[in-house]
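You will see chain A twice below: alongside chain B first, and alongside chain C after that.
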Partner chain A sequence: MVGRLAARLGEYGIVLAAAVILNFALPRALPGSPLRTVAGGESAGALPTETQARLLRSYGLDQSLWRQFLDYVRDLANLDLGNSFVDGSPVAEAIGRALPWTLLLVGSSLVLTVLIGVATGALAGYRRRVGKGNGLLSGALLLDSIPSFWLGMLLIALFGVTLGLLPTFGVGAGFADPGDLAGHLVLPVLTLTLTGFGQFFLVTRSSMLAVLSADHIEHARARGIGSARRIFRHALRPALLPAHTVLMIEIGYLVGGALVVETVFAYPGLGRVTFDAIRAKDFPVMQGTFLVLTLTVVVLNAVADATYALIDPRVRRPAVAT
Partner chain B sequence: MVRARSGRLAAVAVAVLLGLSACGTEYSTPADRPGPRQANEVTIGVAGDEGTLTPYTHQTGYPGRNLVALVYDTLLDRDQHNELKPLLATGVEANQDNTAFTVPLRTDVRWHDGKPFTAADVVFSVDYHRQHPEGDSVPAIANVTAVTPRADTVDTVVFTLAAADPDFPSRLLADLRILPEHVWSTIDAPETATVEQAVGTGPYRLTKYTKDQGYELSANAEYPIGRPKIKTIKIAIIPEQQTGIAALRTTEVSVLSGQLPAEQAAGLRRQPGVRIAHGSSFTSTLLAFNNGRAPFDDPTVRAAISAAIDQQSLIDTVLRGGGQPGSPGFWHPDAAGADTALRHDYDPKHAAELLDKAGATPGQDGIRVLAGKPMSYPLLVQSENPRRVRAAELIRDMLSEVGIAVKVSAMDSDSVDAKVWPELDVGKGRDYDLAMWGWSAPVMLDPTSMSDILDADTSVGRLNITGTNDADIDGAAGRLRDATTTDDRRAALRDLQGLVEAKVPFVTLYYPEDSFGYRSDVYDGWVYQEGQGLLAKQSFVDLRW
Partner chain C sequence: MSVRRRLEVPGLIGVPILAFLVLLAVLGPALLLDNDGRSPVAEPWAPARPGLWLGADDVGKDLFAQLVVGSRASLFVGIAVAVLVTMVAALVGGVAAVGPRWSSAVLLRLADVVLALPTLPLMILAAAFLGPGVGTRVLLLTALTWPGAARVVRAGVLSAWSAPHVEVATAMGAPLRHLLLRHASYAVAPLLIPIFVRAAMGAVTADASLSFLGLGDPTSPSWGTILYWAATNGAFLSDAWARWALPPGLAITLTVIALGLIGVAVEERVNPLPRGVR
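After this line comes the complex of A and B, so read on.
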């Protein structure tokens, strides 16, 4: 048991080490120079060569890549994510400022996505041969294939511009006015929910179809167990295992934010921080947000591993050679 | 979850849908009567965060510098026709050889924290900008040898220059943001200046900043130079243009800082309460040649390509008529010192003759052969700029008519930069044949920028991305820089424009017209500054100059 745990931890350690290297290398592999950012804007190219060199030196960008990497790892070991090239503020501050917004947006939409996706998926699986089930399948496939950017703009055009019911961007007064904030959240949450529930729907439906044709369901029917109990207790529970896996993966991506949706709705979350950092070639912020995303995915994968056994008792049983 | 499945098709579809949503409602054309010239609150939609709105923390030239100008003043400013006017100064007096400028200052100005503005702040600002030249508004400050308060008075400063500069008032006094010594003397790293340190003398005080969300500025009731026309300016950060346009329709924003595409402008024109302001833009769009690489090192080949390009067709197709043809001399016809007699001649027949003269012979598939190689070249273009991509495609078609094959190579602008302007240092060379390029509007406000763009000496020609290397041009560029009088400088500028027409280091394709959308039912006091746009200081203040 201890050996297996150590092996698993070792695997996670390797993944994290690879992620740290990639987080450092990817921003620097992008074409172009961060000089425009560190020089404060568009006139960077017109600066004298000595000034350009001095600026790059002050951000350590004149060092060899190897030296920069060692500095990055050293800072990381001290839990220092560095300072933004754009405004000199600590990267941890930028992440801390954006994280609650992302958790609110993506968390809300994830709850709705799972509830709607699982419920409709189970219903479609159960009613697979009738119009309602097929209609749900078609609807889910359609929504799953719509780009979130496009759907977001459609919703803005409909509910914001044409009907004038909802605000089109931002978070209003924020947490100071929860009612106003809720109004601003409706369209981005709706966009993420509609474009995201399809995968839960499809996984749950497919799983339900497999479970409903299993022997234990036939056995339950033969025992005279009512259809509600048969579905919720005997069919849905084992059918949720794949949905649980998808959920854990999605939660892992949660802190990555909804990059496109946050941009469309001018929402101040982590996705937009990442987007802005990529545009500005703000290496420290890119490294910081990528690292947080990687860490979350790894941790949530570990949680998924640990919680499988709670949902499916078969995972707890020792393997039997046959 | 990162969802990046959106594409150009989706953007087009949304644009169509937004257009239809406008068409679906019965909109009347806007009434001709003007809207309010004053307002309690105006919200400006901008595309990105501009830091703490200090001269060192904003991110863009436009609209960043315009927003900073609401908080910080310069000694001089430009009116809507770009004529210099006194702001913190009450005038400027040059000595005979333009090596010393005496600047009397206003005595009734106070910083936002109540402390008086003095000559010491001007002296401090010059020193500070000299020590920290990394701000976006880097002034041409190296030429200043001393700034001293005049001995006989406390409210006049004298700028002494190392070399004569007749455009010094334009290049520095209208550009240098004056900083409060009592605040900025403690700031060692200007890029970290906080909101609390955003203390200026300007017509608006920065009262609130929420990073990545927006700003709030309040009118400075004690501003002695003019009367703010808006009580509260809110600035909302909306990265996505389509969202900004939707917010303009819903009145969530009152004006958009970004230019409107022609298609969107047409749709918005039918929206009640919305007006579109049009005006000339000093922004240029060029076809850049790598002058250091054959065959573009041959002026005859460059001239042939220039003659094969139909500027009007580009303007009609790409800009839907909203633009001016580029001057063969580069300088915008409306900018000071322009040689307005220069005209681009579209003449494919002459282009073919020039190619014949250069030794390009007809080859297979209609592609000419020059020096044993087919005349086939990639044309780099920034993929995120649909106008330029379309222009590149049209240029490809035009050049094919004279036997030159062009392959349009669209890539992100950073990748184009990496090939055309590696590490933003022209001294590091370039790796391209043809590229779509452009310079921003402020270039046309400073005649010496022609020297920056053309001089082969890379310590001077910091913007010479074409690798132009021509003794005649260098000579004229030197005369332009060294001119001691305005007349001499204007003469050198005209010479340089003539040489650009003759040697064709690049082709100036067009100057796009700017279109800005605003809610005239909220506020209609906007002033369009020629070549610069709508967010001029005069739009926000009734300046008494």
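After this line comes the complex of A and C, so read on.
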């Protein structure tokens, strides 16, 4: 258990290091002066030479790459993500304001995605076993093919504009009015859940099918164990293991999907921040967002990883091959 | 009869849809259009009428022309990325399976890191720095999506390597080249088709997402950039949503579904697992 934990921590460390290195290298790997992307402004090349030199010096870009990297890491350690090109405000503040909203959206969508995906997948696996149709399968495959942002637009056109049932824009008064906030969350969460649960559905369905034809289920039947207990305790629990693997992949997808869906709903999270940064070519904001999202995904993965022991008792015991 | 039919039904639906879309992309601009959707041909927000089948956007550009011309960019990115990912996966997966131990360790660790990074945020960052060119886009999507496919190939080669007849050939001293081409390739090649299909599905969606966020090539229409402009102009809040926001999204969905159906049909054929277990 301890060895497994240490190995995991090492992997997370490598992923974070890769994100930091990418963030450092991307603006400097391009042809032309790094002024364009590090210090802002497409027109930096048109400045007089001595102004350029002064700018380079003020951003530390005249130092050796190694020196620059150490400075960059030191700034990161101080939670300094640089300043926005647009208004010069610290990037960390803007991200700090937006992050809770994104976490709220990703968190609630993740819980619903897992619950709905596993429940429908187990049901479809069971029904396939007893010889009924594949309607759920077709539905899941269809939803899996729809781009999330486009589904969001359709839901706005349907529920917001045509039916006038739900708010489609922003988060209202925010946490000050939880009921109103919940109403604003319905459509974005629905969009992410509908386009995300397909993977859980497919994996749970096939592992449920496999487990239901395993010997121990037949044996449980022979011992006279009731069908509810047989399905939930004897079949569903081992069938959850492959679904848990999908969880890790799905977290990354969901965070990315949230970025795009947020822009459709004018939701004040990191997606909105990214969208505005893209339009303004505000590179420090994009870099900061990428780092914070990588950290978010790593932390969520670590949490998900810790829950593995809840469904697979084998990893809790030492000295058993897993 | 039922086995044969079940194998082919998804393919029977998927192949014609994809063929239609490819034909539209290749021949559509020449046969159906009198403009390329890049310059205004009507008044802004013109409603649909004969000859201007989907009306015009906020500056009067022909939306139907954009849809047809845009199919080229969207499908090209999908197919190009799929070709590259399949090649990289075959190479990397093969080396990771039978190459020297250090290369396998390095490649697998690299694959793990790329898999663990949040793909879309990284794509956004890289696309913003590297610019909107189609070639850049294809290389970027390939660089970020090969690891999963490479793992599948590696598993396939490893399992082919432990097949009895390959073990016999190895014991008889067959050279690596012979083992790969003569034996392993028959087991691994069928795996490459689903890999190709999945990579194309992922690339079409990812390309649309990036373009939708404003990272598309502003000079050439694609399904994603049409949606970007539709969203920027609030087209889905107005009556124009059915002719502006609906068609490109439907086209993306149709492409992905068609590819998915072909993938299902192929996978049923090449998947060695018994039918009930899938």
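Simple rule for what comes next: the second predicted complex is superposed on the first by the 224 of 322 C-alpha atoms of A that agree within 3 Å, B and C clash if a C-alpha of one lies under 4 Å from a C-alpha of the other, contacts with A are read in each partner's own complex, and residues count from 1 in each chain.
As a convention for this text, contacts are C-beta pairs under 8 Å (C-beta built on N, C-alpha and C of every residue); 3 or more make two chains touch, one makes a residue touch a chain.
Please read these numbers as outputs of a predicted model, since none were measured by experiment.
**Student:** A:247 in the overlay: touching chain B, chain C, both, or neither? Say first, second, both or neither.
**Tutor:** neither
**Student:** Check the residue A:259 against both partner chains and state whether it touches chain B (first), chain C (second), both, or neither.
**Tutor:** both
**Student:** Considering only the touch criterion stated at the top, classify A:235 as touching first (chain B), second (chain C), both, or neither.
**Tutor:** In the superposition, A:235 touches no partner, neither chain B nor chain C.
**Student:** With the two structures laid over each other on chain A, which partner does A:81 touch: chain B (first), chain C (second), both, or neither?
**Tutor:** Neither chain B nor chain C is touched by A:81.
**Student:** Could you tell me if A:106 is touching chain B, chain C, both of them or neither one (first, second, both, neither)?
**Tutor:** The answer is first: A:106 touches chain B but not chain C.
**Student:** Mind working out whether A:150 is in touch with chain B, chain C, both or neither, as first, second, both or neither?
**Tutor:** Both chain B and chain C are touched by A:150.
**Student:** Which partner chains sit in contact with A:167 here, chain B, chain C, both or neither? Use first/second/both/neither.
**Tutor:** In the superposition, A:167 touches chain B alone.
**Student:** Return the residues of chain A at which the contacts from chain B and from chain C coincide.
**Tutor:** Shared contact residues on chain A: 30, 147, 149-150, 153-154, 156-157, 160-161, 168, 253, 256-257, 259-260, 263-264, 275, 281.
**Student:** In the complex formed with chain A, which residues of chain B make contact?
**Tutor:** Those in contact with chain A are residues 1-7, 10-11, 13-14, 17-18, 21, 24-25, 48-49, 51-52, 56-61, 64, 133-138, 189, 191-192, 210-214, 236-240, 242-244, 246-247, 249-250, 252, 412-415, 417-418, 421-427, 440, 452, 459, 462-463.
**Student:** Quick one: which bits of chain A touch chain C in the complex? Just the residue numbers, please.
**Tutor:** Contact set of chain A toward chain C: 11-12, 14-15, 18-19, 22-23, 26-27, 30, 37, 141-142, 144-147, 149-150, 153-154, 156-157, 160-161, 168, 206, 209-210, 213, 249, 252-253, 255-257, 259-260, 263-264, 274-275, 277-279, 281, 283, 286-287, 289-290, 293-294, 296-298, 301.
**Student:** Going by the contact rule set out above, which residues of chain C touch chain A in the complex?
**Tutor:** Interface residues on the chain C side: 109, 112-113, 115-122, 124-126, 128-130, 201, 205, 208-209, 212-215, 227, 230-231, 236-237, 241, 245-246, 248-249, 252-253, 256-257, 260, 264, 276-278.
**Student:** Using the touch definition from the top, list the residues of chain A that touch chain B in their complex.
**Tutor:** Touch residues, chain A against chain B: 30-33, 35-36, 38-49, 51-52, 55, 86-89, 94, 97-98, 106, 147-150, 153-154, 156-158, 160-162, 164, 167-171, 174, 192, 195-196, 250, 253-254, 256-261, 263-266, 268, 271-273, 275-276, 280-281.
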